[in-house]
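The chains carry the letters A, B, C, D and E, assigned in the order they are written, with residues numbered from 1 in each.
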Amino acid sequence: MRDLIKMVVVLTVICACSALVLSFANQATREQREYQVLKYVKEPSIKAVLTGYDNDPIKDRVTLKMGTDKKGKPIRKNIFPAKKGGKVIALAYGSAATGYHGLIEVMVGIDINGKITGVSIMTHTETPGLGARVVEPAFTGQFKGLVLSDALKVKKDGGKIDSVSGATFSSRGVVTAVRQALESFSKIKKEVIS
Amino acid sequence: MKHPELTVSVSPHIHSGYTVARMMYENAGALIPVALAGWFFFGWPALKILALSAGTALLVEWGWEKLFGPPANIRDGSALLTGLLLGCILTTEVPWWIPILGSLVAITVGRHAFGGMGNHPFSSVLVGWAFLEISYKEILETYPLAEPRFLLEASEFFSDPPLIAMKDDLESILEVPWSELFFGNVPGTLGTVCVLAILLGGAYLLYRRIITWHIPLSFIFSAWLFALIMWQVDPEVYAPPTFHILSGWMMFGAFFLATEKGTAPVTPLGMIFYGIGCGVLTIIIRTWGIYTEGVPFAILLMNGATPLLDRIKPGTAGRSR
Amino acid sequence: MSVAREFTKGLWDEIPPFRLVLGLCPTLAVTTAAQNGMGMGLATTFVLLGSNVLISLLRNVIPKKVRIAAYIVVIASFVVIVELSMQAYFYPLYKVLGIFIPLIVVNCIILGRAEAFASKNKLLPSIADGLGIGLGFTLSLTFLGAVRELIGAGTLFGRYVMWESFQPLSIMVKAPGAFVCLGLILCLMNWIGAMQKRRQG
Amino acid sequence: MSEYLLLLVSAVFVNNIILARYLGNCPFLGVSNRLDTAVGMSMAVVFVITLASAATWIVQTYVLTPFDLEYLQTIAFILIIATLVQLVEMFLQKSIPTLYRALGIFLPLITTNCAVLGVAVLAIQNEYGFVKTIFFAFVSSVGYGLALILLTGIRERLNVAPIPVHLKGTSIGLITVGLLALAFLGFAGMVH
Amino acid sequence: MKTIRGLRVPGLQDDVSPAGFRHLPVPERVVLPLEFSLGKVNPVVEPGQQIRAGEYVGRDENQMIPPVRASVSGVVTEITPWPSADGQKLLSVVIEANGDEEVVRLPLNGNGESKPESLLRRIAEAGIREVDAYAWPLAVRLAQPSLTPPILLPFAPALRKPVRYLIINGMDRQPGVSVRRNAILAEEKELLESVPLLKQITAAETTLITIYKDQKLPADFERKVSSLGAELLKCPRTYPLALKQGLIPYVTGEKLPGPNDDARSVGAVMLDVTTAQRIAAACKEGYPAVETSVEIIEPARGATTHVKVREGTLLEDLLAQLPDRPQNPAKTIIGGPFLGYAQYQFRIPLTQQTDSVVFQSKDELTHFVNAPCMNCGFCVRHCPMGLMPGDLSRLCEYGHFEAAEKAGLFHCIECGICSYVCPAQRPMVQLLRFGKSEMLAVQEAS
């Protein structure tokens, strides 16, 4: 019996100490980890879609609640503002739509007037050599300078975007994601600037 | 009577006289038509590549024998054969160090690390080739045009090897006469394009009983059948079965590579299963894989299954004790 | 054995994974480059050292029956700390090592040292043991990573060092290269071992 | 349906957990000398990996994620797996002694097997649902078993071959696995 | 019918011309071994004792093993271990001959002379021994169930089976030997006489004389055979079809259950034409088995001589009597190129189990080398027993004897085909024998 109690006590103490230390470690590193993830995952895309800023868009990020998911939890969305001399000149944020094989996540840069400054594909699972070619500048470059009123559709659907040959589905996915980003721009702009 | 000098040994007291060296040299001899076809379509560079790969193989074998002794044996011709086979599956466009590196890997990692001929689980030729293919896909897959020396005109149908043409544009291969593929008037690796030459060599191997019909026939037939089924399912997407068996390394693989001694099963049923595995995997890899040619990987995979297939024993006469 | 001996044995006589054939998965998976190998090695060393210290200190407190569970908790706690800090401060390495960071917890070496050494020895030898084995592991992984990186990519610690026309044998940084390369190094170790033995008589 | 088929091809052939993902090497090289042992080990691995992935999925979904405890994943999973293997061992010993005799000796070996924890973590990383997690764990471990059995066939033959002396044992075993992985590269690109 | 795998060696299986037998004079001395694979007999003579050809030299008290009879008349000089063809030393009786050619006939057993029981007794008494090794003595194998001594039945249930097939085998055991083919040509009368006797004894449903396709036969042979109620079965020239492990499945369609089982377990009896001829001589003439026919083969010169000598003649004495003796042999093999034993000396007695002596020249010597198996599968293609000799030999080479046994080691009949075809020139049979002996040693120890 003594043994048993000792076993339970020791294990409990070890577990408790462990939990304590770990939760402390978790707290201590949380900020830094979030920053790192964004820096390495998002920064290359942000750099690709925004130009001419002098701040760290990641440090200055604004987190917005954008509706709720199926379970009623709020969806948080990071908006990365590009500033020049302290003034916001453009925003970059992610958007996603389904391609041929699941989600294609894109980063869209939009200047303060609602004009696209750049589009970059962050993640996708399209077929190498086919759908995967939507990441190429030849495709993403087409979006630069477009606004919401432009026909943001692939040519097959009557728009002005040339789809990657042999990969209509993937192209369509990207275009949809970009369009969705533009559609929410005015709302986001208001919240970020205020 | 005086005791004469008598030799004593265990029975039997005779031997067929058919030795490893003879088998290897005959097997290499079967490559003569193949090499000639390589020269016919791709010119002197074909012989240069063969010489480089065979020369390196012999040199490495010699070195290994000097360093570590038997079972390495430069005189038994197995290294020569390995080198020649490796040369046959390269194009004439590769730089000179490719056959050298390939032979080096084939003889050392592919062969002698495992205790030499007959003990290496994977075809040493294909191990050498796969090292190159994985590392230098672009170099290995740069194809020369076929330029027949005489008799035939340069092909008007193919500027790419048939299998690449198949992947790029299925329609383009449909109007090609099969004879074009049969004679090998297509871009490709130097020893694998000419089905005619390979069949001649293969027939010699069969005639000399170096190989039996089981592996080549089940390999080619199962590939044909599987391709036929797919073709029936959707002829717009999948190539015709006859195209599959006449193009690429199918014939060369079935007669010369899949039958490499030591890496293929030895029982009749085992050989047939092995051939079927090779055939079906070839078509699968050709159709859905990222590598143009399925034959080498199919053979390597089935090499891996050989010890298990060899567990299918021929019916022992009698129950087990 | 002296403390120094406990330390040095991990650097040659029992160097993992070449002599002590354990912990093969991270060895094979992360040694595509010298830097990755070194990072993995150091992370493992940290956990090894930490768990050796703690287990050595607690060795008289932990009841025999629950010792394995206790060790696992200790080791896993250190792994989580490594995981969190790497994510915070060495993100690219964290990404490259990926799933193999949490897998340090099942690395056969660590539990092995806890059970075989730290649970029976005082603090100082346990530190020496953990450091020695850990550094040995780091050296091995760095070496294997360097070889694979050099032949497979032509670089060393990310810097290009081969001649200009060199075409890397990129199979070396893929799965087959990992296995074959480690196999050949083990062969080399066997050979060296045999040479040493012969010299000793 | 086709989704599951692709997952099967992916887990068994393209991303085989041992030949492409390097998980579970130590027991892989340890038990691949005799075919009957390899078959036993394969069955044990399939059993434990599938069970463990299901258990860890439940804990992740209903405990760790809702309470923002994801950072405890590693420690939670390893404890679950260790406990689970213990329980399975006790259960088998009591209830299905024949199965216990077949698998028993392998169970402790599996506790410290990267493959078990690895598959569990991968299933979470890939954000599979419950059924898909179980399927993924099952086919992944079947892939492990397949590779193990193929390797064992080869190694049984290498036991009676004149392997150069310094290459004997683990060394040639690793080279063989390397060449097996080389062969499996033929499946590359068939599915993601 | 079930054809077996095996080997064809065209040159060695060609037909020989009917040479008949050269009868050699009685030798000066004979050596008669008393030990056999079935067991040993006890000597019933003593040194110094006078003896006549045909009288007992050794007998088995249990009357299971056929007795040994003197093959020459003369004086018993010693009873001593003597080297035998297979390299053993066997207790043997040495008789100094007096040149008398007479042989004492077997006593007639009253008037029941043609009843199967008395025929069987006569066969048992005649001292007939067979070239092939069988599990039971000839008289036991031949007896139909009603004639089998009941005491044997509990030990050998196979003997309860009626005899469906009686096979008189006229094919030679191995390529390169033509003793049986010659015997059919030279002693046709005895062969034909034996058929009704054997049919009567065995009560066989079917009686077959097996010969090679296109084998040279005495004139009108087929008709004579069928008039006796027997059939001529023409078989392919595949070695080792003429051995029981090959012929029994070929004829009956059933495999022998185990490596040591007798044909009776599938209801068949098989014996040599030469054995059949000895049976006829014993039953019709009362002539005991004191002679043996031996083929002297010298492949280098293409020479082959069939001789009839008294049993126990030493090879040395035989050679001395030959006018055309072999020139400087490098190797001397008693028992044929595939199955025989190489000798280191010539003082070896030729017994009824000896069918041939081969003299090889230096150029014909085989060199088996200790090369690794290249897994070419040639041996698998040819092994008549359906084994994988390559695998077996590796297992034996590396000491995995139990695995080899599981893979069928003891089914190997040591026919030598795998060694013959192996391109790596591995000493296959030697390795397999080594494995068997090690395994037997292990079993004996436990």
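In this text, a residue touches a chain if its C-beta (ideal position, glycine included) is under 8 Å from a C-beta of that chain, and two chains touch if they have at least 3 such contacts.
Here the structure is a predicted model, which means the values were calculated and not measured.
Visitor: Among the other chains, which touch chain B and chain D together?
Guide: Under the touch definition, chain B and chain D have C, E as mutual neighbours.
Visitor: Can you give the shortest number of steps from chain B to chain C, where adjacent chains in the path must touch?
Guide: 1
Visitor: Centroid from C-alpha atoms only, then distance chain A to chain C, rounded to Å. What do you get?
Guide: The mean C-alpha positions of chain A and chain C differ by 36 Å.
Visitor: List the centre-to-centre spacing of chain A and chain E in whole Å, with centres computed as mean CA coordinates.
Guide: 90
Visitor: How many angstrom between the C-alpha centroids of chain D and chain C?
Guide: For chain C versus chain D, the centre distance works out to 22 Å.
Visitor: Enumerate the residues of chain B that touch no fewer than two other chains.
Guide: In chain B, 71, 109, 115-116, 119, 130-131, 134, 290 touch at least two other chains.
Visitor: By the touch rule stated above, which residues of chain A touch at least two different other chains?
Guide: 18, 22, 26, 128
Visitor: Out of chain D, which residues touch more than one other chain, so two or more?
Guide: 71-72, 75, 161-162, 164, 167, 172, 175, 179, 182, 185, 189
Visitor: Which chain pairs here would you call touching?
Guide: Result for touching pairs of chains: A-C, A-D, B-C, B-D, B-E, C-D, D-E.
Visitor: Under the stated contact criterion, what part of chain A meets chain C in this complex?
Guide: 3, 6-7, 10-11, 14-15, 18, 21-22, 25-26, 29, 32-33, 36-37, 39-40
Visitor: Considering the complex alone, what residue numbers of chain D touch chain A?
Guide: 71-72, 75, 189, 192
Visitor: Per the contact definition, I'd like the list of chain D residues that touch chain C in the complex.
Guide: Counting only chain D, the residues touching chain C are 19-26, 29, 71-75, 77-79, 82, 112-114, 116-118, 121-122, 125, 164-168, 170-175, 177-179, 181-182, 185.
Visitor: Please name which positions on chain B make contact with chain E in the complex.
Guide: 1, 3-16, 18-20, 22-23, 70-71, 115-119, 212, 261-263, 265-267, 310, 313-321
Visitor: Flag every residue of chain A that touches chain D in the complex, lowest number first.
Guide: It comes out as residues 18-19, 22, 26, 101, 125, 128.
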